[in-house]
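Encoded as structure tokens, the structure appears first; notes follow it.
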Amino acid sequence: MIDRTVGSAVDAVAGIEDGSTVMIGGFGRAGQPVELIDALIDSGATDLTIVNNNAGNGDTGLAALLAARRVRKIICSFPRQSDSWVFDGLYRAGEIELELVPQGNLAERIRAAGAGIGAFFTPTGVGTQLAEGKEIREIDGRTYALEYPIRADYALISAFRADRWGNLVYRETARNFGPIMATAAATTIVQVDEVVPLGELDPETVVTPGIFVDRVVAVGERAWLDEGTFVGGVTIEGTPLDTEGSTR
Amino acid sequence: MIDRTVGSAVDAVAGIEDGSTVMIGGFGRAGQPVELIDALIDSGATDLTIVNNNAGNGDTGLAALLAARRVRKIICSFPRQSDSWVFDGLYRAGEIELELVPQGNLAERIRAAGAGIGAFFTPTGVGTQLAEGKEIREIDGRTYALEYPIRADYALISAFRADRWGNLVYRETARNFGPIMATAAATTIVQVDEVVPLGELDPETVVTPGIFVDRVVAVGERAWLDEGTFVGGVTIEGTPLDTEGSTR
Amino acid sequence: MTTRITRDELAARIAADIPEGAFVNLGIGAPTLVANFLPDDEEIILHTENGLLGMGAAPEEGRIDPDLINAGKQPVTALPGAAYFHHADSFGMMRGGHLDVCVLGAFQVAQNGDLANWSTGAPGAIPAVGGAMDLAIGAKEVFVMTDLLTKQGEPKLVAECTYPLTGVGCVTRVYTDRAVFDVTADGFAVRELFGDNTLDELRELTGLDLKEQA
Amino acid sequence: MTTRITRDELAARIAADIPEGAFVNLGIGAPTLVANFLPDDEEIILHTENGLLGMGAAPEEGRIDPDLINAGKQPVTALPGAAYFHHADSFGMMRGGHLDVCVLGAFQVAQNGDLANWSTGAPGAIPAVGGAMDLAIGAKEVFVMTDLLTKQGEPKLVAECTYPLTGVGCVTRVYTDRAVFDVTADGFAVRELFGDNTLDELRELTGLDLKEQA
């Protein structure tokens, strides 16, 4: 029997070596695998190269990993945000390396890694600083730059539900980078709200087939859901409104 | 109000000019847009370049279009089948041009056209006759051939259900080339079993968003379904078993 | 003082140029205001590059869904007819030329349509590009929404961009607080003057040989 | 006469080498027989390149679904845990190295692992390649299932392929009716002899310097 589920986030991230390249899903906070990142911090793995759209928000999740000085380099499209103070400080201090990639090239390079494409010509970034030094070619009257795949040793992503084969469905815009990162890493680790019995996910609606998934951990339902139904009552950070009221 | 639905297959294929490149969805018979092909035949459009995985089966659908001498060239991966006698005859008589493309390169070239990729390096076909004359490059120790996008003036595809915005869901392996062809044609024309009210398709499960779709025609339910539920009772060609019995 | 229309007026002016049925991406910042002026009785489908077509208005307090956000990471809703997709599909949609219109902010727009909107190139600034370069080269029509002059009085319409480029020759029209300009083969052509702005005054402010609309 | 195992025996032999949990593509023709010998009490996930993981057995008469077919266009079923996807995703899966095993037929396999299985190169033949080239270079293990000799007695294991290639250096193991061969840096190594076949006899039949298994 195939069973890709593991018992805890700690088990899920076991074995991530120092120096690994780790993709982390999410766009801002949506789809960020917070429990897996916390477990990665606890694991002590360091000297990491991180691939994410952003470079952390606030003091939790990816920002906390950065704050713990575990990240040597980050490959992302949009590090600077109103609440990216952790990254900002490290960057200004010269303590983190940044590879800035236009968001569509970032996505396509990840997809290329998963799909066995050796390189591709993209129009995005041509004529800008971010295509400097790249191979440029005119094809059919349009100018393109050659971009290479981004592979990873590990991908940490968040999905909505999984089955024990590792089939995944996502929720709304929390899907973002999850499906492509799952294809591009040697080992893909997923946190989900819930693992459902095999056969319960409609095969027409599976977004990530289990072939791309190695380990799945259920972390419990998001605060804004009740048995899978949206009930609201939270801030954009996912904090329950009543908690919010009482802590400020 | 956006309404991409049209009243008939004839209306759906209106305006397809002689000399057009037309993608036709389907893998064998699954997902082949039979009613649209029949309407294309009736439209009289000729000198067509067709992109399809195969080159027609039996005497209906794509095979009938070929038999009517409307196709100058076909781009496909697998023309020769047990029931591809129409293509076989035309090809042996030198009356149709063939561009043979490995199936994965065919799919990726179609996807590249839709996704704005100028060209890509693929490992498939390297060292074979089908990569002769192509640009070859070693990247990271593996050898690749450069392949270019395949675009079309029109795509004719078959899906399961649509809404009036043109959002599509497919059924089982009839999905095949539909989603990528929809992205690669200037005008995408879709036949579906049924058009449902806007909002009835779950946004998590839409496979082809309406942005890729121009015209939708409902052609009625497939013989093996009853109100969307599989009931069987047909041959692999989709002929009802009782009819089959009475006509042989 | 010469007429300068407000941000809201400018957003309304842009909204009026977006036809029913268009697929539109509104960039982060001021361009998102355009959504407030799209007609209620027309269907215009908003794309957000983080994976949604059919984006709706912000939810009410208490109905915020952290899984449902726009590219600016603000909470949004999804309309009936919406569809979700992953990042590679979303940017394929943009790069593949499937969006009809995008509306972007700008630091500078050059008369050949070059756009600079992602970096001032200032030393020490932390660079961040996001999806700006994909939007700039991807949509069929790239509208820029901006004041004609910076707060320091420098024109944003220029002969050549001095800031780092976002895209080459990509802008098709510029909506400013004083006038609307088309980017043509001969440079900027004034499409519409707001209030008492005159072509001569705009030429003086920009130092450019602005054309009259053909 | 020396032992030659049957097609079914060969399929069973291959099935025995496929571990539980493997993602497997069985090529059109004889390789599809392997499915009949996969153990019922183990989960092995079959991929068909026309867009399905978790393919099940053929349906009963009356339960044929023309929308649910395999790469050979035969009716199949889908198991609980299945997933459907489009052709670009399906071939990305193959080309990206995500399948563990594929089993293919062959006209010829060369001692460096080159495979020829799509065209005899005969004049007048209608060429058709399908997904063969993608499968050949995509899977982690490429198993070939074939008779050792053609009906005319020509060896299919060769020093160099004379037929047009499907893929270069891609085959990892060859299962024949007389023996199983690994493709190694030194050429073919005999992994297993069936019945009374001997290494010397196989060397004579193929004219190759077959190695003993290390």
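Just so it is clear, A, B, C and D label the chains in written order, and each chain counts residues from 1 on its own.
The criterion applied here is as follows: a residue touches a chain if its C-beta (ideal position, glycine included) is under 8 Å from a C-beta of that chain, and two chains touch if they have at least 3 such contacts.
Note that the structure is predicted; figures quoted are calculated from it, not measured.
Asker: State which chains count as neighbours of chain B and simultaneously of chain C.
Answerer: A
Asker: Looking at A-D and B-D, which one has the bigger number of contacting C-beta pairs?
Answerer: Result: the pair with more contacts is B-D.
Asker: CA centre of chain A versus CA centre of chain D: separation in Å?
Answerer: So the centre of chain A lies 36 Å away from the centre of chain D.
Asker: When the C-alpha atoms of chain A and chain C are each averaged to a single point, how far apart are the two points in Å?
Answerer: Using C-alpha averages as centres, the distance is 28 Å.
Asker: Compute the distance, rounded to whole Å, between the mean C-alpha positions of chain C and chain D.
Answerer: Their C-alpha centroids are separated by 54 Å.
Asker: Would you please write down the residue numbers of chain D that are in contact with two or more other chains?
Answerer: Counting only residues that touch two or more other chains, chain D contributes 52, 78, 84-85, 88, 91-92, 94-95, 138.
Asker: What are the residues of chain A that contact at least two other chains?
Answerer: Chain A, residues with two or more chain partners: 108, 111, 115-117, 122-123, 170-172, 204.
Asker: If every chain is a node and every touching pair an edge, decide which shape results: line, ring, star, complete or other.
Answerer: other
Asker: Give the pairs of chains that touch; include all such pairs.
Answerer: A-B, A-C, A-D, B-C, B-D
Asker: Given the complex with chain B, which residues does chain D contribute to the contact?
Answerer: On the chain D side, the touching residues are 48-52, 59, 61-69, 73-75, 78, 84-88, 90-92, 94-95, 114, 119, 124, 126-134, 137-138, 164-168.
Asker: In their shared complex, at which residues does chain A touch chain B?
Answerer: The touching residues are 108, 112, 115-123, 137, 139-140, 142, 144, 148, 169-172, 202, 204-205.
Asker: Over in the complex, which chain B residues touch chain C? Could you list them?
Answerer: The touching residues are 1-2, 111, 113-117, 163-165, 167, 183, 198-199, 201, 203-204, 206, 209-212.
Asker: Please give the residue numbers of chain C that touch chain B in the complex, ascending.
Answerer: Residue positions touching the partner: 20-21, 23, 43, 45, 47, 52-54, 78, 80-85, 88, 91-99, 138.
Asker: In the complex formed with chain D, which residues of chain B make contact?
Answerer: 27-31, 53, 77-81, 87-88, 91-92, 98, 100-108, 110-111, 122-130, 143, 170-180, 207, 222, 224, 230, 232-238, 241
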